[in-house]
Amino acid sequence: MGNLTKEQIQDRIREEAKKALATGEVSCVVGWTKTRFPDKTKPFFAYTDAECDLLVWNEYCINSTAKYALDDRYPEQKIGLITRGCDSRALNRMLKDNQLKRENLYIIGVVCDGKENPVCDGCQHKNPLTYDVLIGEPVEETINEKRFTEVEAFEKLSADEKYEYWAKQYDKCIHCYACRNACPACNCVECYADQYRVGWQGKAADREQNQVYGLTRVFHVGDRCIECGECERVCPMHLPIMRQTKKMLKDINDLFGNYECGLPDDSKPVLGEYKLEDPDEFM
Amino acid sequence: MSVKKDSSWEPVILAFCCNWCTYTGADTAGLNRMKYPENVRVIRVPCSSRVNPQFILRAFQKGADGVLVCGCHPGDCHYATGNYYTRRRFMLMQRLLEYNGIDPKRFQAKWISGSEAAKFRDTVIKVSAEIKALGPNTKFAEGYYAQNEGGNE
Amino acid sequence: MYLAKKDLEKALQTLSQKAVVFAPILETIEDKVSDAKTVEKKFMPYFDGAEVALEGFNTVKPPKDVLFPNVEKMYKYKTGAGAYIMELLPEDSQKIIFGIRPCDMRSIDSMDKVFLTKDYVDSYYAKRRENVTIVAFGCLEPSRTCFCDSMGLDPNQAPTADLMMNVAADSEFTICNDCGTKVLTDDGKYILTPQTEKGKALLEQLKELLSDGGESYQDTKCSLHIVKAENLDEKLSKMFEHPIWEKVTKGCIGCGTCTFVCPTCYCFDIDNENHGAEGCKYRCWDSCMFSDYTRMAGGANPRPTKKERLRNRYLHKLEFFNERYGETLCVGCGRCIESCPAHLDISDFIEKASLVEIDASDYSEANYSEGRM
Amino acid sequence: MAIDHECSCNKNPLVPSLCQVIDVKQETGDVQTYTIQTMDGKKPFSPLPGQLAMVSLLGVGEAMFSITAQGEDYIQCAIKRTGLLTEAFHEMLPGQVIGVRGPYGNSFPVDDIKGKELLFIGGGIGIAPVRSLIRYCLEHREDFGHMDILYGARSKSDICFKEDCLENWSKEPDTNVYITTDISTEDWDGHVGFVPSYLEELGFQPEGKKVILCGPPIMIKLCSESLIKMGFAKEAVITTLEMRMKCGIGKCGRCNIGSKYVCLDGPVFTLAELDELPDEK
């Protein structure tokens, strides 16, 4: 773990946020602040020094800050973002998808010490990958050996068992689209699911429409998923959405080689490119 | 869902065929009076990569028992690269559907060129037989016909 | 009158003979690949062996779908030759909502006002409402987000329910191993008080299981006490352009979670599903948080961003509904606070709006966030 | 709980009744007028001027339209092609079976404007609701004072209800018709210019006059400013609003402006009433 305590990181965040605002180039800094519940924080936009002092850093800072950069795609001033490893991957995702411009972002990277969120156990990128300033010393990253174990186990079930499991899960879905709105890979200006009049899917929240929505979303984001786990965290009905996206990622790894998204390289999404030597099963 | 699995049951199979190869192949098969099962509905698309994975989901939802996507052999795409994308896309789609409980035989993809009328016939016969053996598809299907009479309860 | 806890199952069985009884039941979904079982408490029809959990926290989703289902067929039709339109009304089956909480009962009162008054009566809702008997259960342990008493409710009483059910005043409690909340011990009693004719009829069905006497427990208090201005609706009517909206809506991610878990959200959409020449028109829950909700055919949208949408939602709950129907639409159940992905908090907004100065041209969270944490 | 069904329609208000389109008239390039009858050749209902009808094309969708005219045995709606549903409406031929329910909404305050001089201002398809009132007033001509009709369209070919606007109305007693187009075309020798500026040019006297104003939002905004400048009271200017609607009976929630529902409390409001509502139109 980095050499700073939580309090020290919090102080540094406030300090860096104030510095950023003082330059006049940054309109606001997005971070987290307290709520009335000790185990919840909420995303917070600091515009003034006094508001910067409300920014907090603790193990409950679990909301992704990156998606808020999309609220204003063509800002007049830079947006400051407190960024953990996963947030920086989310930003890379959106930068690569040409949804954001790097020059519109001021990224305050924080080496993450893990949050009260199950997905953090499998984190492979605690250090921010993209940043303008970095708070804390980079730590050694761990490889998650269990990245796909759950998927592998699930694959072994019979077809009917699988179908029944998912059908029950999609029965719970209430069509709130929280998974979509929280997902950094879901960055289309207008989602297909909002185009009801086109007829991609019905508006009713019944099993069949939920299945179509669920699978479509998985396929839309599967090759661009950064495994931040926001979809699963925000789901009010607790659907295991990551179990679907990870299946896509596992197959991609199996078929087309090692693959991880949201890294600051120039790789394209898997379904947006091809190789002549890809395996062929359709001969 | 009423399962209509009696001996007279015939599956509904949807075949998305590329305009530049398989569709021509199917045409040739017809011209040569080749016999193949009539339960296949052919939909002509400009390229196999035109087929959105949602088409397949929607087909199952609206009552298809099987879906077939046919395109040009790799290297032969009219638009140079379309079928390479198709290849990646549907290899993943097939696996994802299997992961969700759909038999991979219900969704198949094949490369069939304009001159391979016999391959088209053979593919359709094979797919049709396989799906007939699997029986009617109820997964992902809308329960419309079952609930039609009952009103709201 | 009281019912011994050990007879609860028998009572539900008796009631189930004449009606479908919707009760808070724990449903488990087994996961064959991990030990993590998902247990969800929800209102569903009672069946033999169901794990009924009257006590504990309220359900994640309110039981409003018994009266106002998520998807409801309205009529079916055929186009072209032999065109027809055939109304599809709900069946005439009796239903009982058993163990609804006072907040959810109050939300049904609000829905009654919407669907049954103001010139038009909604036939579908009316039909269901007539056939529903409601048994309310006074809360034992409110969850941490409950603030119904700040909204003018009493968590122990649901005056409009057909039958009120409370635990006995001299009850003893234990802590449930699974959920960690206060539950009645097995020798406990439920006090039943009929409040309408329907309620009396229900008691008549149960009379063999009932005994006389018993005082009801009325001491439950909400966990959250918030500051709410007396005339909040009037105040908000002057705050439509107030800078507070910019701030409180910033964190919203624009999903529909709050509206779908809300017991009082009643907005719906109407759409159709076609199968050849036939089809049916259905209505389904809609959310004012979606861009599609108010977007018109030409593409113009009077509420283009999440700021306008969330403002409309909050004002609908706290001001517009008051002006139209004379009561606040937020009942303080706290579900949206618990479920919101961005941890927005309507009770926090109520407090801030109650404290804010209407004429202040600048609004900073920093001025209002201290002193309440 | 027994429910008194005091609904004003005596039946399920959300289920339309089958009607047929007996005539389709191409008004302009993108506006058609449909004459609608019940299946047995009767009038579906008798709306008040300014009221709305929910017209549904089974299998496609339904939307709210203002009823532009009515006769002994029919009602008429004029529909402009703007989206998927209206596109489908435009493919209708006479004999098409549709669903109609209504009438919905309040109406123009006919009693309030009795005996007054009237100024009708319409822009584009906005003439549709105004026409229902003009027709009403012409039928009861003796109840109303002098009438001025000001109508603006993009060009001559975009003028809706050409016979009424260009010929019939100006022949009525004590009625003046002013037509303007946004752009000048070869076939047009009338006034060219936008409605608000033409309105100021004409300079109507506010005394004893009521204004009925309907058109695209920007025209309503500019015309209201002009009218107020000319000395009209906000109570004397009556306009109509549009919003997305689904149920038409004030239940589904989406057409609210503040605590008012456009489908039930509207679509007709005076400028004074609109001032009371939040600015979300």
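Worth pointing out:
Residue numbering begins at 1 within each chain, and the chains themselves are lettered A, B, C and D in the order written.
In the analysis below, a residue touches a chain if its C-beta (ideal position, glycine included) is under 8 Å from a C-beta of that chain, and two chains touch if they have at least 3 such contacts.
Note that the structure is predicted; figures quoted are calculated from it, not measured.
Here A-B and A-C were compared by C-beta pairs in contact; the pair with more is A-C. The greatest centre-to-centre distance from chain B, using averaged C-alpha positions, is reached by D.
Annotation: 35 Å between the Cα-based centres of chain A and chain B. Note on chain placement: the centre of chain B and the centre of chain D lie 50 Å apart, centres being C-alpha means.
Once the centre of each chain is set as its mean CA position, chain B and chain C turn out to be 45 Å apart. Each chain gets a centre from the mean of its Cα atoms; for chain A and chain C, those two points are 31 Å apart. Shared contact sites, meaning residues of chain B that touch two or more other chains, fall at 142. For chain C, residues that reach two or more other chains under the stated contact definition are 89, 124, 269, 271, 273, 286.
Multi-chain contact residues of chain A (touching two or more other chains): 154, 161. The touching residues of chain A, counted against chain B in their complex, run 154-155, 159-164, 166-167, 192, 200-201, 208, 211-212, 215-216, 218-219, 222-223, 244, 247-248, 251-252, 255-256, 270-271, 274-276, 278-283. Touching chain D in their complex are the following residues of chain C: 74-75, 77-80, 83-85, 87, 89, 114-116, 118-124, 126, 129-130, 132, 196, 198, 240-241, 266-272, 274, 277, 279, 283, 286, 288, 293-298, 300, 302-303, 308, 312, 315-316, 319-324. Across the complex, chain D meets chain C through its residues 1-3, 5-9, 11-18, 58-63, 82-86, 97, 99, 217, 242-244, 246-247, 249-259, 264, 278-281.
The touching residues of chain B, counted against chain A in their complex, run 53-54, 57-58, 61, 73-74, 81, 84-85, 87-103, 109-111, 139-143.
Those residues of chain A whose C-beta lies close enough to touch chain C in the complex are 33-37, 40-45, 47-48, 50-51, 53-54, 63, 67-68, 71, 150, 153-154, 157, 161, 165, 168-169, 172, 174-178, 180-182, 190, 194-196, 202-206, 233-234, 236-238, 240.
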